[in-house]
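Shared between the two complexes below is subunit A, which has subunit B as its partner in the first and subunit C in the second.
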Partner chain A sequence: MNEILLSSEVIVYLLSEAVLYLLLFIAAIATLGILKGWNFDRFTKRQFDLENRSYLVMSIIFFVLGLKMLLLPYFAYTIDALSLLVPGAMCAAGVIDANDYGSPLLLLKIIILFLSGLWLGINRLDLEEKHYPYMKLKSWFYLLLFVLLSVEMVLDILYFSHIETTNPVSCCSVIFGEIGGNSLPFGLDIPKLLILFYLLYALLVLMLFTGHYLVRIAASLFFAMIAYYSVVYFFGTYIYELPTHRCPFCMLQAEYHYVGYLLWGVLFSGTFLAIESAVMEGIFGRDALKLKKISIGLLTLFVLLCSSYVGLYYLKNGVLL
Partner chain B sequence: MIRIEDVGKRFGEGENLFEALKSITLEVEEGECVILSGISGSGKSTLLSLIAALDRPSSGKIVVEGELVSKLPDLHASAYRAKTIGVIFQHFNLIESLSVEENVIVPLINSGLDMPAIRKMAEQSMQRASILHKASQDVASLSGGEKQRCAIARALVHDPKVILCDEPTANLDRENSLRFIETIQKLHQAGKTIVVATHDPLFEALPFESRVIHMADGMIGKHGE
Partner chain C sequence: MKKFLINLLTFGIVIAIIVILLLSLGTDQGARYVYKGNTAYEPVVIQPKEYQCSECSMDIEEMEYSAQIITPEGDTYFFDDIGCVVDWLEGRKIETQKVITRTLDTGNWVDVDKAWYTRTASSPMGYGFAAYEHKKEGLIPYEEMKLLMLQGKHLHDPFVKKSLSGQ
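Then we have the complex of A and B:
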């Protein structure tokens, strides 16, 4: 067995994932049974049993998905810790690209995070009602989610079991550096990227109160993408105080006071709540003012955090990078 | 109004299966007083707990004041009890470390009312149950009859439409039992719907209009006015 699989972080991570997956697997089997026999209008013993079982099953899913959300930052911490074992890796960027499974796994984890959040939102709506109106919807949604969770489990195992500790890997200086020319999307340069970043933020805040829900979802996702590039290619260089250091992962390290967890956490949460508020209003016809307020608060905090690094650097040094 | 349709309640499975209620159908009109009588294990208390949404039936329908309570999720069951139901338990279920007034206030904690309004409601309820003079006294130091009156005050504090009493006189002497019946009579006159589960013969011939329903083996036996 290789060093990676024997490292304590990976053991804890994979064991936690395996235990949670087992619970999710049991919940998926039970969900199939619920879907098969569910008819709220019946007053039979079978229906009462299904209602009791659904309460237990949905509680299990609720807690496991909540724990899975907490496991994402731990995954980031784990791959960051592995950079000590992988030659050439200085941070998680090198470790995540140590094989072909890393990047798809990270992307899948982010997609699952957003979908899990949506499931939790629908579950909350269902619990607020007296007659389980969204039981079938949330059950089917969970089964779809479970397919993705199964792929994630397989990718987790493939990824960690295929990280070589003998082959050197490329890390952030190469992956996100100047080599290979401009890596920004849509032919953007840094000034245009920043204009787009601030413009999209203002537009998103405005649209939360006026826009069609599909446009809001699209705008939220677009903002998240532009925000990612803005952090990696501009704001991050001020966090590292090095114009050539472009990496989304190094900021997760103690050297930078773990600010990456806060930055990415606030961005993901704010974006997710913007999407959830759109879904709640557009699809379920619910009032989502509270969600929108929290979303605006988080996104504003994100923008201020990013901007503050530039401002503080300028105040300290009198120049920009 | 309470409407119970074909309600069954089973505990356990296989060889351990026990049917506490077997296909119970019953209607209690608004303002009516119904006495469920029968020996221990006949299903009276189980039926009360289903009406109070403290438990869910295994089958059948229970509708109280237009609310389908047999399928209420936990969150809504609590709200239903807080709004519609007052329960008086055999063992009172009071919090011994609190005073009488504090015990009476407990059901109003999540009501959203301000404290002066809550205190006023508690005072009125204690007055109604003749326990106001012991308001500041710890429940642990009360006699059985006083505890019963405290439990009544607590059950009435939110002015519920339906009052459920589970073996209310089992721990009382004859004098206190008669006082309890007087209280029930006043509540009946005030238009409350009352269901009492008891095997106390005092309830077989109440001094006010009531309906006695005999239960045995989880089924309704003979009816009597």
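Then we have the complex of A and C:
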């Protein structure tokens, strides 16, 4: 067994994931049973049993998915901690790049996070009604989510068991440095990237006031992508106060006051709530004013936080990087 | 009226986003570091400031000091200084087909490990290393130059600079 699997953070992480997965597995089996016999219009004992069981199962899923959301920052913390064991890694960037499973796993975790949030939203709607109108929808949705969660569990094990402590990995300067070409998408340069960043923020806020749900979803996803590149290739350099330091993970460390957790957390939450509000209004015909207000607040906080690093640096030093 | 203004503003922003994306896609930014498709593995003739050094990102201006790395896929990376070549190769596992440098004495392109190197040239990055095709007294082979570069024993080190200028 390698050193990685013996590190306390990995043991805690994998154990938590395994326990949660076991609960999700039981919930998936029970969900299949509920789907098979569910008919709300029937007044049979079986239907009443299913309703009771569904309440328990949905409570388990609600609890586990909520915990899984908290496990994502812990996953980031774990891989950051592993940078001390993996030669060459200065932060989580090197560790996530240590084998082929790391990047797909991180992407899958973010997708699951968004889908889990959506499931929790549908579950809330369902429980607000007397006759469980979305029971079948949320059950099928959960089964889809369970497939992804199973892939995630397998990837978790493959990823942590394939990190070598003898092979040096690249540090973030090599991974995110401008090597052999422009790393930004669509051939963008930094000024155009920044204009796009602020324009997309304005567009997203405007879209939250209109009924163009599909455009709102597209603007949210595009803003999340451009915001990621803006933070890594521009705003991050002001967090590190070093023009060549481009990394999405180093800001999770104590030297930078763990600001990365706040920054990425606010971005993901703001974007997700914008998407959820579009789904709630567009598909379920519900009022999502509260979600929209929180989303605008979070996105504005994100933009102000990013911009403040540049402003403060300029005020302190009188120049830009 | 409010709805009309929101729609107008949205339309303006969407148009601005499309214009920025089209402008970006139309520029050649992405091609300034790598020349693709050089499957003949021959030195690529470039103009000053046309490409940037893959290691230090500086424009390549002094062509007599420039170097190129060609990969088996035909991707050609450009460097303004042989010291940058050493640093770049050290940082990554990359398969190379050819690593060539211009030489000061003949102006030819020569494989880096067949050239000889001075330690006191006015090279763009100021390391002092520059290639010669023909061996002369005081010139060192590639492996020795590479070692000195990686150890930081070049003209950036004041002690090295002083000892070399004393010679």
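Remarks
Note that in this section the second predicted complex is superposed on the first by the 320 of 321 C-alpha atoms of A that agree within 3 Å, B and C clash if a C-alpha of one lies under 4 Å from a C-alpha of the other, contacts with A are read in each partner's own complex, and residues count from 1 in each chain.
Following the convention adopted for this analysis, contacts are C-beta pairs under 8 Å (C-beta built on N, C-alpha and C of every residue); 3 or more make two chains touch, one makes a residue touch a chain.
A quick note: this is a predicted structure, and the numbers were derived from the prediction, not measured.
Partners subunit B and subunit C, brought together by superposition on subunit A, fit side by side with no clash.
In the superposition on chain A, no contact is made by A:63 with either subunit B or subunit C. After overlaying the two complexes on the shared chain, residue contacts for A:127 are found with subunit B alone; subunit C is out of touch.
In the superposed three-chain model, the partner touching more residues of subunit A is C, compared with the other of subunit B and subunit C. Legend: residue contacts after superposition of the two complexes on their common chain; A:314 is shown touching neither subunit B nor subunit C. Look at A:196: by the touch rule set out above, it reaches subunit C but stays clear of subunit B.
Here's the short version: in the overlay, subunit B gets within 35 Å of subunit C at its closest Cα pair. Under the contact criterion defined above, no residue of subunit A touches both subunit B in one complex and subunit C in the other. Taken together, the subunit A residues at the contact with subunit B in this complex read 40, 43-45, 48-49, 51-52, 55, 127-128, 130-132. By the touch criterion stated above, subunit A contacts subunit C in their complex at residues 170, 174, 178-182, 186-189, 192, 195-196, 199-200, 202-203, 206-207, 209-210, 212. On subunit B, the positions that touch subunit A within their shared complex are 5-6, 8, 10, 56-61, 68, 70-76. On the subunit C side of its complex with subunit A, the touching residues are 6-7, 9-10, 13-14, 16-17, 20-21, 23-34, 54, 57, 75, 77, 88, 91-92.
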